[in-house]
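Next come the structures, one after another.
Two complexes are shown next, each including chain A; its partner changes from chain B in the first to chain C in the second.
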Partner chain A sequence: MEQTNQDKILPEVDAITARKTFRGRFFRNERWLIGAATIVLFLVVWEVAGRKNWVDQTFISRPSLVVRAAIQMLTSPDFYGHLSVSAIEFFVGFAAALLVGVGFGLFIGWYKNLEYSFEPFIMALYSTPRDALIPLIIIWLGIGLYSKMAVVFLGAVFPILVNTVAGIQNVDPVLIRAAKSFGAKERAIFRKVVLPASLPYMIAGIRLGVGRGLIGFVIGEMYVAEKGIGFLIMRAGSVLKTDDLLFLVSIIAGVGVLSNQLIRKFEEKVSRWRFERSV
Partner chain B sequence: MSYLEAKNIKIIYRKSPDDPGLVAVENLNLSVNKGEFVTIVGPSGCGKSTFLMSVDGLIRPDQGEVYIEGKKISSPGPERAVVFQEFALLPWRTVESNVAFGLEFRDIPPNEKKQTIDKYVKMVGLAGFEKHYPHQLSGGMRQRAGLARALSVNPEILLMDEPFAAIDAQTREIMGTELLRIWDREKKTVLFVTHSIDESIYLADRIVIMSARPGRVKEIIDVKLPRPRRFEVKSSMEFVEYRKRVWQTLEEEVKKVMDYGTDESG
Partner chain C sequence: MEKQSRPWSRFFRRYKRVILGTTTFVLFVLVWEAVGRTKLIPPIFISRPSIILQVMVRELIRGKLLFHMTTSLLELTWGYLISIVIGVPLGLLMGRYRKIEFSLDPFTMLLYSTPIIALYPLIIIWAGIGKTSIVIITLLFAVFPIIVNTFTGVQSVDPSLIRAARSFGAREGQIFYKIVLPAAIPIVIAGLRLGLGRALIGVVIGEMFGGTAGLGYLIAYSGAFFKTANLFASLLIVVLMGIVFTQALKKVEETVSRHRYGGG
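Then we have the complex of A and B:
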């Protein structure tokens, strides 16, 4: 057996990370420690800038005021009504996008002729700024939840769909050839080769879709709505309540970051082979 | 009739249905006996890999037929297995799971499956690497896995498509010797496509030299070197003689290819 390759495969022990010293701990967590330090510094400068009136507080508020606004909102039952409306809009819209994006994507990715026939529509819709469609959607579905679900759906479905199709079409033909050679029929080739090979693409599409979906309900609610986080943002903005506004925006940002992390965890779980670099 | 018989094979490569196409292989006739190790050499683009794929049934010839024990073949079958140049391992599967792949299309009880996998993983020298993913292995080790996968379905005919082409030269020497050791134990009929003249001599009972495109059988050379062969045989006088003979036939064909400047492989 080739010696060099054996070396590569042997578990590599990193001297620094293995040590339980302060230095060791620091290096192991270097990434988020430095990140956290930067955030703390930023918050401190922001707070001071507000208190010392370097910049008008009406414009930039202050971390402590944002926290106060947060506590106020979080303790009012009214807020949860808005939150749940937005959550329902997002989850229903996104679930539909996931279902249609992956399902339909697999289908037309596998059957080339279908892709040819649907491609012009998909590309046209994918390229249309969906905000431009909001008035039309509201004419169709009204100003309630349904129109926002549709906006979320339209935002999320295309990245998922297009990436799923790309995933299927980028499967290494040699792998399909090998499967055929071993006697695999179409169904088995799809299940054992095409599906796992295109999974990373699908996940990339889903990640993009989440981002677009989150923008979707906010924009939809800001356009016209009676409830929801986007509606609250609009209202806070119109009466110059910067504190409320920043808290609301940070909720959406938080959801975005959290869902990204969740998807990454999921990705690591299902495609362990890509992350298990030379152990 | 021989064990494996290719008769009048003609294969045309077309990019689209109305493309007049490129004749890759024409008038190719070849007989192979059971248990024989046949190597196929030829200039780039002579259709040797294409021909091999038609023996597996992955490519249907435009003319002619391939027969195995007198039966016409039209699709891949359980008595044949391919070792691919690009390994063609599923990157999301571990070594043992890749070796199991071919068995998944057969009805085999799980414990027998497990034994088969273990047996061939050991035979190719990958014991201890069962849980590794292909990207964690060297080229040589990946192809060992590819070989184990092909052997595990217990084919009678092993079709090897430049299997060592993507492996470094030193490892390649070792792989050749190990392949002979396994062949000696498993008694398969082997069709082995290669670019390497040395490899074609070292492994073969017979060398099939193909012409430039369209590929035909230009000459067949019996290799009478004693078996089992070891690395040292490559520096023997007889080996050098074979090398001269193969090159004499091949040189003319290679020059033809250089004249019309093709860069296609296979």
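Then we have the complex of A and C:
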């Protein structure tokens, strides 16, 4: 673990990229430049294909129409109602998942017997398509907000739970033994050794959980709902409004990428902090 | 006292995991059955294990369940195979050639973190309701973990091995077949395992939304008519399929990596 951290922190010094010439600049930013170029190329080809009617507009729309749909939606107050419904569903469901995932995870990670007792359920639910439970959840909680919160919760809780347990169990036993020999009580060991050491795992689990939670409300709303982004996606699809549909999908994709990157940044920070402390 | 209990306690300690796991599981099923029988919670919400089992056996004998299972399995197979055929070569290319990686990275990143299911209405517009769209959804669910893992596998190959081969005059093709591919295989297979799990999700979700047959369709159909026992029966089969597939590929993974380190 530490070894890989060390590898990451050392900056990669390359003879070409260090130079301040045009070539050097190109190589240093090669990733961004090539990436941006292909995106632009893709958009241009898409736009042209749409305009020239190479492919039916209903099938692929085109970037300019998507932008127009975006502006239209973003200026209508109706849209924000749907957005806030989705946001509420996500945040409530995710908060519950965080609470249960971390809390319960710490608990059963620390007491091995408990983990063994719950293992069959956790493993079964972890390896099932949990979104397949949506019809059942709807029988239980109806078609309103609660069922989507439950779907978000179910999606997010297992990655968080499983990673928290894994984090606790991967704490270096030498550290625990050392703390014990210096007379630390169980509570102190838990708070000062186990908790900080398993934090990176937890955050990795939370990152996965956010992704699953996002899928949760979208899919829940798409299945059956009266409000929300997923509902709008389904409606746009059923009336063949491809431009609206693509805009809505890109919102979800954008939120997905953004949250992923943010938590990754946070993850790096936490593991760096850990690294520095452990030296 | 302590001496007498020793063999039992040793037995317990050794199989603690299995014993505790089974106990809670059995307990859970019993409580479920009891609550279901007393109707403390209306059966429409939770049904009960004995009825679920009955329904499962009945439907299996009737052949209806088998029909839906084979439908799902067929769609799964197609979607998964196509995702391997697309994902592995793409991952290999991206891992080996930086320019390809940089140009495709934005797209894979974006699609990897998009809930694929949001594309479902679009896929329906393209391919109509039916098997084709479900195969496409399955494929989309499975292909990104496969691409990303294959890519990571290639990237993780020890560069000194490649450099060594090159200094001994190996050609690009040889480097690829004799070094990159064998070294990357364990991580590629881990990706295939992830991909299979996701493919299963894809099939079930796809069928739930727009299928006319298959386990996902059965789940959605049973749910819509409040046939809770049927719903649980279909869910149970999906769960079992998920466990069997993941375990099977885990075995493959272990065998391959053992072979690799053992043979080295």
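Remarks
Just so it is clear, the second predicted complex is superposed on the first by the 241 of 279 C-alpha atoms of A that agree within 3 Å, B and C clash if a C-alpha of one lies under 4 Å from a C-alpha of the other, contacts with A are read in each partner's own complex, and residues count from 1 in each chain.
The rule is short, and it goes like this: a contact is a pair of C-beta atoms (placed from the backbone, for glycine too) under 8 Å apart; a residue touches a chain by one contact, two chains touch by 3 or more.
Given the structure is predicted, the values throughout are model-derived calculations rather than measurements.
When the two complexes are overlaid on their common chain A, residue A:S271 makes contact with chain B while staying clear of chain C.
Within the superposed three-chain model, A:S117 lies in touch with chain C and out of touch with chain B [touch as defined at top]. Of the two partner chains placed by superposition, only chain C is touched by A:L133; chain B is not. Legend: residue contacts after superposition of the two complexes on their common chain; A:L99 is shown touching neither chain B nor chain C. By the touch criterion stated above, A:L175 is placed in contact with chain B alone, chain C being left untouched. With both structures placed on the common chain, the touch criterion links A:I34 to chain C but leaves chain B unconnected. When the two complexes are overlaid on their common chain A, residue A:K192 makes contact with chain B while staying clear of chain C.
Set against each other, chain B and chain C differ in how many residues of chain A they touch, and the higher count belongs to C.
Judged by the document's definition of touching, no chain A residue lies at the interface with chain B and also at the interface with chain C.
Across the complex, chain C is touched by residues 30-31, 33-35, 37-39, 42, 58-59, 113, 116-121, 123-124, 127-129, 131-136, 138-140, 211, 214-215, 218-219, 222-223, 230, 233-234, 236-238, 240, 242, 245-246, 248-249, 252-253, 256-257, 260 of chain A. Residues of chain A that touch chain B in their complex: 1-2, 4-5, 8-9, 172, 174-175, 177-184, 188, 192-193, 196-197, 199, 271, 273-274, 276-279. Of all residues in chain C, those touching chain A in their complex are 16-17, 20-25, 28, 44-45, 98-99, 102-107, 109-111, 113-115, 117-122, 124-126, 197, 200-201, 204-205, 208-209, 216, 219-220, 222-224, 226, 228, 231-232, 235, 238-239, 242-243, 246.
By the touch rule above, chain B contacts chain A in their complex via residues 56, 58, 76-78, 80-82, 84, 86, 88, 90-94, 101-102, 104-106, 125, 129, 132-133, 135-138, 140-141, 153, 171, 174.
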